[in-house]
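After this come two complexes, each holding chain A, first together with chain B and then together with chain C.
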Partner chain A sequence: MPADAVPPDALRFSGITKIFGGVKAVDDVSFTVGAGEVHCLAGENGCGKSTLIKIITGVYQPEPGAGMEIFGQTYAQISPTQARKAGIAVIWQDLALFAEMTVAENIAFETMLGNRPRAVSYARLHRVAAAALARLDVELDLDARLGSLPIAQRQIVAIARALVSDARLIFMDEPTASLTQSETDALLAVVRTLSARGVAVVFVSHRLAEVLEISSRVTVLRDGRLVGVFPTAGLTQSRLTELMTGTVITHDVMARDTGHNPEVLRIEGLTRAGEFGDISFTLRAGEVLGLTGLIGAGRTELCHTLFGMTRPDRGRIILNGQDLQLRSNRDAVAAGIAYVSEDRLALGLIQPQSIADNTVLSVLRQITGAGGLLSSRKKDATVSHWISELAVKIGTPADAVSTLSGGNQQRVVLAKWLATRPKVLLLDCPTVGVDVGARAGIFRIVRALAEKGLAILLVSDEVPEVFLNADRVLHMAGGRIAHEWDPRQTGLPEMEAAVYA
Partner chain B sequence: MHSFLRAYPTEAKLLAVLILICIGLSIASPDFLTLVNFTSLLNNNAVNVIWAVGLLVVLIAGGIDISFAVAASVVQYLCVYAFAAIGGGNWAIGFLFAGGFGLALGLINAFLIHQFRIISIVVTISTFNAFFGLLMFFSSGRFLYNLPSWWSGRVILWEYQTASGTWAELILPVLVMAICMAATWVLIRRTTTGRQLYAFGDNPEGARRAGISIGLMQAIAFGWCGMMAGIAGLMQAHITKEVVPNALIGRELEVLAAVVLGGARLGGGRGSVLGCFLGVLLVAVTQNGLNLLGVSPYAFKMVVGVIILLAISTSNLDPARLFVPRKGRNA
Partner chain C sequence: MTGLYRRLSAVFGPEVPGLLGFLVLVLVVFGVFAPNFLTGANFGSIAFQLPELGLLTLAMLMPIISGGFNLAIIYTANMAGLTLAFVLKQYGGVDAGYWPFILGTVLAIGVGALSGAVMGAVIAYVGAHPILVSLAMMIFLRGLGEFLTKGGDISGFPAWMATLGHGTVLGIPVPLILFLVCAVLWHILLNHTRHGFSVRMIGSNIRAAGYSGLHTRRTLILIYTLSGIMCAIAGILMLSRFNSVRVGHGEALLLVTVLACFLGGVDPFGGFGRVLPVVIALIVLQVLSSGLNLLGANQHLSTAVWGLFLVGVMILRWGAGRLSERRRRGS
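Presenting the complex of A and B:
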């Protein structure tokens, strides 16, 4: 290619429509990605993002009339093999890697494909894998078992694997969903390196700050239709949210003065060596107390101790004036403390079981009838009460939890804990993996629960979340409380500057 | 040495335990650390090792096979009649037939598992019953003694008269065992197909997305297991010089336990030939030691069960972590 020739766009798709059972999942959408561009595909769950990606990667065929061009070449139809050969790779959220195999084998796995047996050259595997990592400016131990790596490094392995198959356009589906801030930064650096070397990246993420930081343009979809393609320069998070949801979500500080409410929980000098130290605060009835800080600051560890899963070395936990000695989380539940964990998909719900069974899981003892057997009448009553209370959108309570969207799953987790009638609710990162529209719904519920007198500790690594939704904000850094803020007096920029310092 | 420890932690631990037991037994019993005892250990366990490396491939691919020991009995009967039909045969034909019949029985398992998407434990429990039922029905439980002389004649590869006058010897099954181990090692460590088997057992969906043929993986895994079972059947009849329909039933669990002891994971994706060998040997050495110490044979199974339980429950323990308090994942 002559030096002055403009490389063709990575993708030029136009007039893409896909109909499932009479419903247009994607309706006349155009999607263009420049060579080496970092492009974001944004939209709420169910907006057609995944369908569009599956059409581009050949998993689904679009309705007739679609224009499909990949790196300057026009296709009438695309199969998954053709898409791969054309240089398109997708890094799925679940990564599709092999935990028991080494890093080198995972990266260079393509060299081992084919039905005809060939001799494996471990030297070649190493060379190929090292070359791919070098292109990312990353160093990893090639002989380490993949399963021994943290998720962030596995992500790098997945990207390196895509490079081995000569990908020139990489789709990343929620790549940062389970990464810490510093890991996210490292991943974004890798994305920039890729882009600088001419590999285009399409980024799908719920974290709008990231989207705006990394991509040059964003394509917004809503209800299967194209809202538009916008340069990210000059675009704000709230504007992007409006484009995605089609409604203006208010960003008002919700804080109220709760200083006169009765005290529910008092923590004095709580310390656990190596995790957190000298933590003191009070939590009042009807109060939403925000707790923010970088991942690793000890927030989750503190929650685990408050929930009786780990023992403090020193300090007191006082609930309604009584000293608590929590020996296990069963003690905490009995005392009236509920904990909604950070990783709700893995720990908070039993995915294949029904919504009803999940909801009553923590109160089985309360819904027994004659002879200590489960009473289906009491169970149904409990389930329907909480489903209507939290406005969970479900088919029937007998459906599996895995059929629900992220936001609704989060509500089921809440229902499960609220059924224990807690006095204190520990909410650990309740919006991880939940899209913008559903987040607002979750915070409405949090607010409504507080209005009813529940004391809530809202943990989040996104400062704006606690700024907007908490009555008071604690900043935890290096295992200690560094600041206490009132959102009505301290601005968001000041909080963010302190947290991300 | 360091890289061996890192790549094969289970095997290294197993080897250490085996050496400890051997040291203990050689102190406790003067008969243990003798050439005669050592060679007879190998002779007596060759069949189990051949089965074990076959089963290993299935476990690596994420499956399980209960039917292989019974399949070996079926192969023995088929071989007796096939050799009679062609007028005798020889070792080359013997391996061809035994391996071939075994392969066919393994492929029946693979076909059922892949075609009807039934999990392997259900399929192989069914074929275990079907194979054994058919065998008992058609053989009417008869023993066969009319084996061709090449088959039943003892093939001694190496012998040596010790100072006390007894003979130490290695017989054909030991050589066959070594070849089967080497072949399995080449398959799983040195061929692309073998690495695909590991990948498939580790993450079937990831393997499918990467473009691995699932049907082919099942066929190779269960076919290999069947072939090894057939060869093991041939060797077992060579040792006992007779074919008995219910001689091998029940051995499958013993072999399975040894393979899992050797570090293979029931979930797939993990396991090695060395581990299999050490697993079988550990069980055998323990039995042998108890025998030499005059412990009642009725106690063997119990002791072996305890050893397997101990080994498997400690294999998930990282010794380094025993002395360090567990930290939260964000710590």
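Presenting the complex of A and C:
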């Protein structure tokens, strides 16, 4: 290790291996973060990112032979307490904050632990919290209850708390997963402030665009091994994807002309006050219609109305020439509309229940046999048909669906809805939480379904997704359709400029 | 041994072999130490005592699997019993014939169903927590029952009704037959019908179940209605066993039904649970208490042992879970 590095690197880990039950979760990985550097740790789910972070923070012990150095000091073994003392903090996705406590309490409570006298000094809490927020150039109401704040501001609170405990190296696990574009920009600004003040930040993120924007170097892991450390200057999204997945993913515009196909769904002047207004479009058989826009543009709300979960104030939904009056989503399913929710964990699947049960959930009548009893023969046949049709990788159908990867879970969601033989499929951000490599598989399925004549509305907040995979693209902003594009005529930069304007 | 364990698990489910092991253990221990334990008379008395608790446990089971609770089971049962008692009194009391009994039974089941349906509707449409809703129903029914009976007993029913509570058919106690029929019905309902499927899905995640097109409100109402009907059957049985009705009959059984459900491997967070292990758990509880009784311990001690037993089973399940986890990771 070089003694001439001044100031010392925040982190120099080398030869890190971790074996779980005979499987190398992390295999001879080296990881270095410079002082004050913004570094990105990239890789698909299961590539060893979290294991590596847990080794660095002392949660797991690596196999013997690892070299561990934090801010110039060498460690033979690291405990969670030592890691914290050395200035390492992790902000997990769930933030680990107290929703019922105030902003000030959340930021500064640790400074009170073990103090004598045991009484809490609220004046000091405020002082400490205000100072931490000032270091981030952020203003928040210190007395606001944390639970009343949007996620983006809670993240700021979590970062401020890390600063209070003198963190000099902060890991952020998927910090932007649930943020809008402007909130993401604000967070990136905070990260830059931190970096300028000498605090190193390791960003763990699926969103390649912001990875490239914020970090100076990126460490890529694949299957537990180090692929390499790359400067982000000159790195493109597609190159990074290739490094992460090890395969070349083609980025060709898939759009076709579907203007002569029969019309399946026609929306006329659909309006729901406060959510969206005056939405009109048509969707044809075999067409993939993209719908993009920022979070809060009304995309999901529109899907909910089309799926019968909410009632429109005005306007018509016409399916195959017939006016639909949807009173519930059961009416929508019966009419031939299926909806893949953006929130797969909470709404798309019943996580603790089995793969088989999740697959037949929407078609219980189909698997009902003699005497109104469920037929296990019909159920098994339905499940195995869809598992093989969509190439879902499973152990046994009796396993809990939560044991599957994001991509395979999404296939189960698709299986559940395709089993209802829908005419229209509403896909609301179908690749959220799905690995970059598995996304291509999802879109291959979407394309194949369209070829078979299904009418598909593909909603996504990632403009490239709809640009590459849709036949036409609608841009929704402020609850209204702002643009309609043909990906064969309008380029991606133009679309992104309009959406992120 | 492990082969037998695997086969029992495969056929009857993972909870069953452990519970059967417990049952054998309890039988052996009391068989050795308690006089008159391994006798027909003892098992006969167990067979007569089990069904009341068993029926009430079935009434508790379905709400718990759906992620809910029904605190009102005891008072629903007694309110149904009161309904039957009032009808019998109206038509001559001791001299009442079969028709008043049939009319009273229908009305009693109607009362149970109504109390359940009201709870289910409030839970489904208002979104209030089942514990609060059923607590309100429990207090309401207790108050109403005490008002109607002025806090006393109602007794004096036709003598032939004793057959229901004390008779046997081919040597099998009638209450036991009634319980087994209900248990089989419940098993079919929970494992082989759309309703049962929906109950489990709702128990794990009611919103996702709704998004997938399940009629969650209707299912909730049906769950509590069926629970109320099962209570009514228990109430009618209690009436004929005690030859009297009082609002507070069997109050102590309320939490024992919950105990039996959890012993039987029902997930306290909802979504998972089966009838067969719960029935075995009921038998274990009943055998435990009758064995302790024969040893001369009083009723309170056997309640204490029940509590310890649940703690023991939880520790064992935790241990078994860790063991299989370690095996999986080791292999």
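The criterion applied here is as follows: the second predicted complex is superposed on the first by the 490 of 501 C-alpha atoms of A that agree within 3 Å, B and C clash if a C-alpha of one lies under 4 Å from a C-alpha of the other, contacts with A are read in each partner's own complex, and residues count from 1 in each chain.
Throughout what follows, a residue touches a chain if its C-beta (ideal position, glycine included) is under 8 Å from a C-beta of that chain, and two chains touch if they have at least 3 such contacts.
In this text, all values refer to a predicted model and were calculated from it rather than measured experimentally.
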Touched partner set for A:339, first chain B, second chain C, both or neither: second
Partner chain in contact with A:82 - chain B first, chain C second, else both or neither: neither
Partner chain in contact with A:373 - chain B first, chain C second, else both or neither: second
Contacts of A:99 with chain B and chain C, given as first, second, both or neither: first
First (chain B), second (chain C), both or neither touched by A:261: neither
First, second, both or neither for A:349, with chain B first and chain C second: second
Touched partner set for A:361, first chain B, second chain C, both or neither: second
Residues of chain A contacting chain B in one complex and chain C in the other: none
Interface residues, chain C side, partner chain A - complex: 188, 192-194, 197-198, 200-201, 204-205, 207-215, 271-272, 328-331
Residues of chain A touching chain B in the complex: 81, 92, 94-101, 105, 109-110, 112-115, 117-120, 143, 180, 274-275, 295-296, 298-301, 304, 310
Contact set on chain B toward chain A in their complex: 3, 6-7, 187, 189-196, 198-199, 201-203, 205-207, 209-213, 216, 265, 269-270, 327-331
Residues of chain A touching chain C in the complex: 20-21, 309, 329-330, 333, 339, 341, 346-353, 357, 361-362, 364-365, 368, 372-374, 416, 420
